[in-house]
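The first chain written gets the first letter, and so on, giving A, B and C; residue counts start at 1 in each chain.
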Amino acid sequence: MLTIVIRRMLLAIPTMIALTALLFFSLTALLGSPAAIMLGQDASTDAIAAINKRYGFDRPLYVQYLDWIASAVRGDFGRSYVTQQSVVSAVLPSIAVSLELAVLAMLMAAVTAVVTNTLPAGRRIVGPFVVGANLVAITVPNFMLGISLIFFFSVGLGWLPTTGWAPWSEGALVHLKHLILPVLTLSAYYFGVFSIIYRAEYRDVEKRLFIQAARAKGISRSRVAFRHALPNAILPVITVIGLSMGQLAGGAVVTETVFSMPGIGRLLVASIGSHDFPVMLAIAMIIVVGVVVMNLLADIAYTIVNPLIRIG
Amino acid sequence: MMASLLEVRDLSVHYADRTRSLLAVNSVSFDLAPGETVALVGESGCGKSTIGLAIMGLATAKRIEGTVTLAFKNGERRNLADLSDRAMQDVRGNEVAMIFQEPMSSLNPVHTIGWQIREAITQHQGGSRASADGAALNLLSQLGIPDAERCLHAYPHQLSGGMRQRVMIAIALSCRPSLLIADEPTTALDVTVQAQILELLKRLQAETGMAILFITHNFGVVAEIAQRTMVMYAGQIVETGDYGEVFHSPRMPYTRALLDSLPHLGRVTAGTRLAAIPGQVPNPAALPSGCAFHPRCRYFVENLCDSRCPPLEQSANHRVVRCLRWKEILAPGQP
Amino acid sequence: MLIRPRRILGFALVACALLCALLANIIAPYDPLRSSIDLLSPSTASHLFGTDELGRDALSRVIFGARTSLLIGFGAALVAMVIGAPVGLVAGYAGGRLDVVAVMIIDLFVSLPGLVLALVITAMVGPSLLNLTLVLGLVMWPGVARLIRGQVLAIRENSFVEAARAAGGTPAWIIGQHIWPNTMRVTAAQFSVSVSLAIFTSSSLSFLGLGIPPPVPDWGGMVRSGYDFLAVNPLLSLGPGAAVTITVLGFYLIGSSVE
């Protein structure tokens, strides 16, 4: 198993290099002259040249890239054009917020999808309803769902707050209360996707001989469902979790904006609005690398969970 | 005369598909004595596996009629068909156990062998993990599995077909059932392994005194192990009797035909062709009138065999036949 | 074509959206760009969805908004198809090293965070109809390529392809005459799903502020500005939001009803 894990990790590195390089080159190419942005459109050529020399914008692109990576690895992403603060100090706290949202959303989606579709009673009763709910879940855009939930639960019923974030210092219960709607919003789509995949796989697993053999041992229906069928049917869900990471990033950006959460997604949108290129680039890079890493983790998780691959 | 272990009376199993109801098992009755091995023989689709599942309460049927009376280990006699699923859970794996045809698919691929054997033991006997492990180790060694310790920690895909079938048997026997239903347990194994498994079953039966209902499509396989045999066709029993007698002097034409289609040393001389039974097993939704076998029977007589369904008649001591003409068709070699 | 409820519902929804887009001039009660002094009025008989913060009729804006969404949706799906289909066809048919390389590239791009990239690139190049269409198409082509490649792999081994090869057909001819026609059913379905995804993503982009610049009515942008007035008139936000949902659902139903 270790060899498989190491091999996957090694494969991820050239992927990350290729993606970050591609991102860097295309963005700097699109950006044009950063000096012109910093100084304003009608700056003199001398002033621009001075800035270029000072920041090293006149060096060949690949040198700039390597330099950027070298600094980034040491934790230095440059300074914000707008605030002149180091990018890291602005970005770091927001990563925690986004991670919490994303992890909770994925967890909620996976657990509810798997459990509702495993319970023998659940499958019978919930079945047709779930199919319809799945369809809605995967087509309603994040922002529409989020705003609808806010309208219903906050503006209408007043049960839940309209923003998605309260710091832990205000108490765990308050913190979690604020998180309910954003987590629901972000997880809805994945609940749909996981449900569809899991139900299909479960239907196949149910027909296999070892399920009947387990019942022949005198095992109850629910134990067979949860201890025999579930561990087999859940494997494709793990794979899909890994593949969904890219899309999750996008969903998180929208959700954070709807619920005014101080996460990395909303920071990205803000930096776009203020043309703050270093912050924008840093966040885009972090997200891309993060997606590759998450993908890798899901891959490894699958290898661990599936004995056919783990031991082979 | 010993009281029977299992009494099946008028067992009928109705399946339903979208448009109609099918009778997979049609009013079957038989007895099984303790410690006896009975072979239930028939082609695929005749309903033999369904009987096994129905006894276990695992048939996904629309309606089941009849009684299945089992003598429990504590002396009680109860009709399994009356029991709830919850009550049947205490019966399955404990009083009656079942092993299946595909050893690979019968074991859960994501759990170790040890986990799966332990589950069977703790389900019925409770106890700690350590004691269950100990019992599992004993079982595996009894079944002739080398390096039982390592086997416990292995996954099914790491074992060979023969080993997996032994594990299946170990699981089935772990709680000392009085009846083992074996549904084609050797069909998916290669010939040498087949023989080993049969030997194993014979030995275990001698040690534990359990009865075996051996379901198969192959007469030859059970020659060494079965005392009695029942032949099934289209959901009905068409002949029963002592294994040797049925084998050597079959009364029912279907049994005859089945036996003739098997290659046997001594029965086939050079130059004779293997006789496959012409025609096909009937579709349970469209059974022939009268005797279900008549379209394929070489003793068919018009207006007799296709007009009424033959009842089971006693042909000798402990022998039963379902054929209107059995008295005329007596010994092999007769036209 | 089997009559399936899914497909019928899908076509019905898409038809609504198309009608709005094509006949906006006739259907919409007001000029979507005309502001009035009737600011933020709630839903009344004359303004079914109320008016927005510039006094414009919200319902008319929603109806006109269909044009932008459908234009971008179809455009982006087309771009994705134009890039992705040839890649998928060639990679699937050629096999060997070419296929391996193509798969590596496709897998690389497929796992990227699409919305984030579209966001950043659009920010750099500026949001115009053309730019949005191109960027979204660029983000979606790997998915299309992968699907088509899968189809080609499935068809490639069929005997009629063998026969064509034996008859001496060139790869280009075989792909054009035999393989492509057989992938078309699935490709058409995939196109519909792509349109659905493009509208989904472009409306998210405009919600985040990177849609067609005002005053052109644009569903995502309308949701964003209407959000501020959720307590006053929820339809300002939920109206265009529902329009997006219905259109996305419609195209998705059509595309997913083909197996």
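Here is the rule we use: contacts are C-beta pairs under 8 Å (C-beta built on N, C-alpha and C of every residue); 3 or more make two chains touch, one makes a residue touch a chain.
What you see is a predicted model, and the numbers here were worked out from it, not measured in a lab.
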item: Maximum centroid distance from chain C, chain identifier (CA atoms); value: B
item: Identity of the most central chain, Cα criterion; value: A
item: Interchain centroid distance [CA atoms averaged], chain A/chain B, Å; value: 54
item: Chain centre separation in whole Å, for chain C relative to chain B (CA means); value: 59
item: Distance from the mean Cα position of chain C to that of chain A, given in whole angstrom; value: 22
item: Partner chain A, residues of chain B touching it in the complex; value: 56, 58, 85-86, 88-94, 97-98, 100-102, 105-111, 119-120, 123-124, 155, 157-158, 168, 171
item: Of chain A, residues touching chain B in the complex; value: 208-210, 212-221, 227-228, 231-232, 305-308, 311-312
item: Contacting residues of chain A [partner chain C, same complex]; value: 15, 18-19, 23, 26-27, 30-31, 135-136, 138-144, 147-148, 150-151, 155, 243, 245-251, 253-254, 257-258, 268-269, 272-273, 280, 284, 287-288, 291-292, 295
item: Touch list for chain C against partner chain A, complex; value: 108, 110-117, 119-121, 123-125, 196, 200-201, 203-204, 207-210, 220, 223-224, 227, 230-231, 234, 237-238, 241-242, 244-245, 248-249, 252-253
